[in-house]
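Okay, so here's the structure we're looking at.
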Amino acid sequence: MDVGIIGAGRIGKTHAEVLRRHATGLHVRAVAVRQLRRELAGWARDAGVACLTNDYHDLLRDPRIGAVLICTPGDSHARLIEEAADAGKHVFCEKPVSLSPQRVVDAMRAADRAGVVLQVGFQRRFDRNFRLMHDRIVAGGLGDVRTLKLTSRNIAPPPLSYLPGSGGIFLDMMVHDIDMARYLACSEVREVYAHGDVLTDPAIREAGDYDTAAAMLKFENGATALIDNCRQCSYGHDQRAEAFGSRGCLTADNERASTVSLHLDGHAEYAAPVGPFLPRYEQAYAAQFAAFAAACAGDAPVQADGFDGLQALRIGLAARQSAAENRPVALPTLTRGTV
Amino acid sequence: MDVGIIGAGRIGKTHAEVLRRHATGLHVRAVAVRQLRRELAGWARDAGVACLTNDYHDLLRDPRIGAVLICTPGDSHARLIEEAADAGKHVFCEKPVSLSPQRVVDAMRAADRAGVVLQVGFQRRFDRNFRLMHDRIVAGGLGDVRTLKLTSRNIAPPPLSYLPGSGGIFLDMMVHDIDMARYLACSEVREVYAHGDVLTDPAIREAGDYDTAAAMLKFENGATALIDNCRQCSYGHDQRAEAFGSRGCLTADNERASTVSLHLDGHAEYAAPVGPFLPRYEQAYAAQFAAFAAACAGDAPVQADGFDGLQALRIGLAARQSAAENRPVALPTLTRGTV
Amino acid sequence: MDVGIIGAGRIGKTHAEVLRRHATGLHVRAVAVRQLRRELAGWARDAGVACLTNDYHDLLRDPRIGAVLICTPGDSHARLIEEAADAGKHVFCEKPVSLSPQRVVDAMRAADRAGVVLQVGFQRRFDRNFRLMHDRIVAGGLGDVRTLKLTSRNIAPPPLSYLPGSGGIFLDMMVHDIDMARYLACSEVREVYAHGDVLTDPAIREAGDYDTAAAMLKFENGATALIDNCRQCSYGHDQRAEAFGSRGCLTADNERASTVSLHLDGHAEYAAPVGPFLPRYEQAYAAQFAAFAAACAGDAPVQADGFDGLQALRIGLAARQSAAENRPVALPTLTRGTV
Amino acid sequence: MDVGIIGAGRIGKTHAEVLRRHATGLHVRAVAVRQLRRELAGWARDAGVACLTNDYHDLLRDPRIGAVLICTPGDSHARLIEEAADAGKHVFCEKPVSLSPQRVVDAMRAADRAGVVLQVGFQRRFDRNFRLMHDRIVAGGLGDVRTLKLTSRNIAPPPLSYLPGSGGIFLDMMVHDIDMARYLACSEVREVYAHGDVLTDPAIREAGDYDTAAAMLKFENGATALIDNCRQCSYGHDQRAEAFGSRGCLTADNERASTVSLHLDGHAEYAAPVGPFLPRYEQAYAAQFAAFAAACAGDAPVQADGFDGLQALRIGLAARQSAAENRPVALPTLTRGTV
């Protein structure tokens, strides 16, 4: 299937390169950018992108393009989903679909009406380790899930200019752990308590955000998730998960750059985590797009859909509110069928 | 130094046996029990305890006995500390000193007045792994501590009859993780949010307790601790710690019953955690008593004193209240010097 | 650079697929096969190979083809190298170049005369783990290498029909460990003692081969290598290395299919080794071809050249003789410059 | 049972201290030394040894002493075993029983005649890891054993003055790995090929010994063992084993000083191996003596007897000869019943 990418920032470029390096069933026919700058032409040539345009409508009009990948800044996502759906294109959209739950619902409905696939960019669901945990839990190997522990620590914070539009640490960063918690708990969150602080750089506080955060999620099935995040981590890209259940416990450790150990006087050394997010999630991105291709072909259900995006957003908003007001925030029940 | 043990329940017997098996500088001269039952005589012979008495005053009166180990049910601890201190004996007391902060303060003051050592039974401070973490943090190897993760899962819950007097999971079980959090954060807790649930056996709810609990502790230095506990764990005695700081991260894994791996078709196996608490903490108990002996001899400061017991109690009480009222509970500042 | 592949057996197909999936700088323009069977046409279409021919001279004549990959049965390798070199093509040749040292020398001289690159298929040199060990040793991090341990165990033996032409376990399988030993010892072998046995299937003995083998290599710099091989391994594709030196020890463990651990009553489980050789060496193959492309472009020296192939062959032949005669076999000194 | 120790060198003292620290069923009544030096009196007081004598006949004559532990230099072992057996004492003897196989047989016969237990100091058989490997192999969990890998590297060589009487690296150090190989292969060695070299200190060559050695043992059941030894190891006391069989593979890693990992920029660290031999084998020594006590009481068979000592000696002598003559050395079959 030929696809178009809307947006050629960091993530749009990454996706084009991943699709070039991996056989996913998707081929990038065109990339739409805001401005046709010279360095983009060079990048497109290296990335094997044949067509660059500064009008994304070109992609929506092109009958050979079956799907679009929306990689623009977050505040344009919902509108672009609606336009793409109306044009009959399947849609893969980077998170967040919107910072407004209502707009997410609007986008979901547009996709439903048009009968197109809407998949959201929760690539960790396609990571071999987190997926194996999920599959084992779904198969019952863990019994009832009691406690989840999710840790994400990034190497360095994004540029300060990025923070104001990002929705903050809970919606920009923790949203991935929140989605993992739902993915592993196999249940919905009923209440959130969260805490945020600035421990690395006071400028982050001035930008209205936190750099370090923690949350406790309570699920309808009795499970509790403990999440901790930090935007700055001296030893690399650290993203781990643990699921404790009535029959056992699953842990997913980081991928490492090698399996080599070096034994020295006094201690032994092994490799640091693979990171940052690329190469860490290169294989997961490839699997994500292969799953999107399969969903568009009608061969498999969507594995991270608009409802997953909506729920992660609602929980993230509740966490942000909880941290601001220092109190637990309850979430009204919402089921996939009733949106 | 000759010591007497007051109480010969599970922990009193354990301590007598540990002192027999390890060279700590302490020798058990006598054990005081409530009732001189026949099986105790057999146990005492096997454990090398020369003297059994049903009157603990015998121990307090014996000039050859320099210290007592208080291993009775918790509600008698504070009073026994006071009596022992008045008799000029150094005191090692199992946690909790009391469920009343005021009574802990009373006991601390009695020990101070008498000029005797008061050490509280936080044996994890003497575990080789947790101690190594603490020492590295104190030495600055981790920079500023940002996030702590503490997990304790016991193999099976105690008898239901034990629960009502125990103070509940926050004061009976989580108190060890709370003390670890203070030990590793090198700071004091300013606020607690906690959650408890019953996921294993409804009878525990009827006994007024939880079997599964989680807490978020916020420290004065900006660190946050995430604690999760469960009274029942299918895969063994699981007690781990992680400390994330500005310069790195320390993790302490469980001790395992062997270093052997078995590689089979489809997977590889390694040994389960060592447990339950004995043998898991056998070496820690021995180190704890060696440190107590050194403190009584004036050779070293007390490493888990009455103030540590008081703070762990206050935090545990706040956690219990938080879980009951589903709101964060703040702790007024208290410093070692002002008690 | 456009390349042609001669031979479309297992390894020829693998290389075409690897070159399709990875950006190495090489593009497969044509594949020459012995017989144009129908299933090959289907495979070529799936693998993106535009041209299939049953005459390898077509490749040698094609001016757009800069290099050939020789993937035919071993006894044709030397002759094809000579023909390709005479045609001015760079050559990548699967091991063994020949089972006759003199023919390897002939092939090396043909490549030298023609001024083309000759690289031999020792893909483990491009495995991230073994390469890291090598680089650390070359950088001096291990001091003087004293002892090497190399283990290779394959999941299942090749078809019996393959064995007679393979040169036997020492030349077909152990040759990779022998090359690793030279790669890590940074020295030449002066003597070999080897042992072979049949422990899995008597038919292997009837085919004139062993299924289990061990060897001790003594190097000129004092290092000793212990190698053990087995053609059948119940728990997967097991290929590890250890290098012990005066300043420390390096170990390379297997790659595993996930980083997930499952903790159960009585033991914990982790993932089996990744295997068989594909996917185990997928990344190594890609790196091997990227290095070949760089060597052909004159950007880097050849990292596994004809001399490496010659030495591995000589040591393998000595090991085979040692096992047959049950005595150590010395190797006359041979240096890169004097061949 | 009360025991006497003959010899108060490093190993004699170690055993006295281990017996004091651990409940094994053995109590040290007396220690016989060559000369009653002052520092020995101090050591005996600290170690709780009530009686020191400079005449070992005192021990043999004392009816309260049921067994002796022979910890003198190796050349006196066989004679002392004979004298102790004649005196009706059970005997634990440090390895080697003798450097002469005939003298080992003499000692075995003396013990047989007297009906006393003779146990040899192969403490690795009582190490929790190696024992677990053995038990799993005996239980069939590994199928047929094909390949064993045994590695022993000591922190530092013994004093040069110790080497001449030690029998050399094969009899003094590798003998432990040789015994492990027999213990894990569950078969007898039929042929040995060995190699020794001096890589750390030329003075060791002048003392007539090697500091680095390797051996290949071929067993009657088809298994092969690869052993590598070094007297000097920069990263600690490294003693590991691997057993590969038709159904799987067992590995025993070193014990480590903690379970703590430290994650830093660029790599992670974990603890070095526990060593030297004490504390590494403290628990194994205690288990060894508990097993000796049980054997003396008739409660269990001897787990490392004279025949085990004899076979390890014969293999070690063959290895020494093989290294000297650079050829494989065959061992005539010897069975437990025919000695």
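Labels A, B, C and D are assigned to the chains in the order they are written; within every chain, residues are numbered from 1.
We take it that a residue touches a chain if its C-beta (ideal position, glycine included) is under 8 Å from a C-beta of that chain, and two chains touch if they have at least 3 such contacts.
Since we're looking at a predicted model, the values are computed, not measured.
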| item | value |
| --- | --- |
| Of all other chains, the one whose Cα centre sits farthest from subunit C | B |
| Contact-richer chain pair (by C-beta pairs counted) among B-C and A-B | A-B |
| Whole-Å gap separating subunit A and subunit B, where each centre is the average of the chain's CA atoms | 42 |
| Chain centre separation in whole Å, for subunit C relative to subunit B (CA means) | 58 |
| Residues of subunit C whose C-beta touches two or more other chains | 234-235, 238, 247-249, 263-265 |
| Complex interface listing, subunit D residues touching subunit B | 20-23, 128-129, 132-133, 136, 141, 247-265 |
| Residues of subunit A that touch subunit D when the two form their complex | 234-236, 238, 263-272 |
| Subunit C-facing residues of subunit D, complex | 143-144, 146-147, 149, 151, 153, 193, 195, 197, 199-200, 212, 214, 216, 218, 222, 224, 226, 228, 230, 233-235, 238, 244, 246-249, 326-328 |
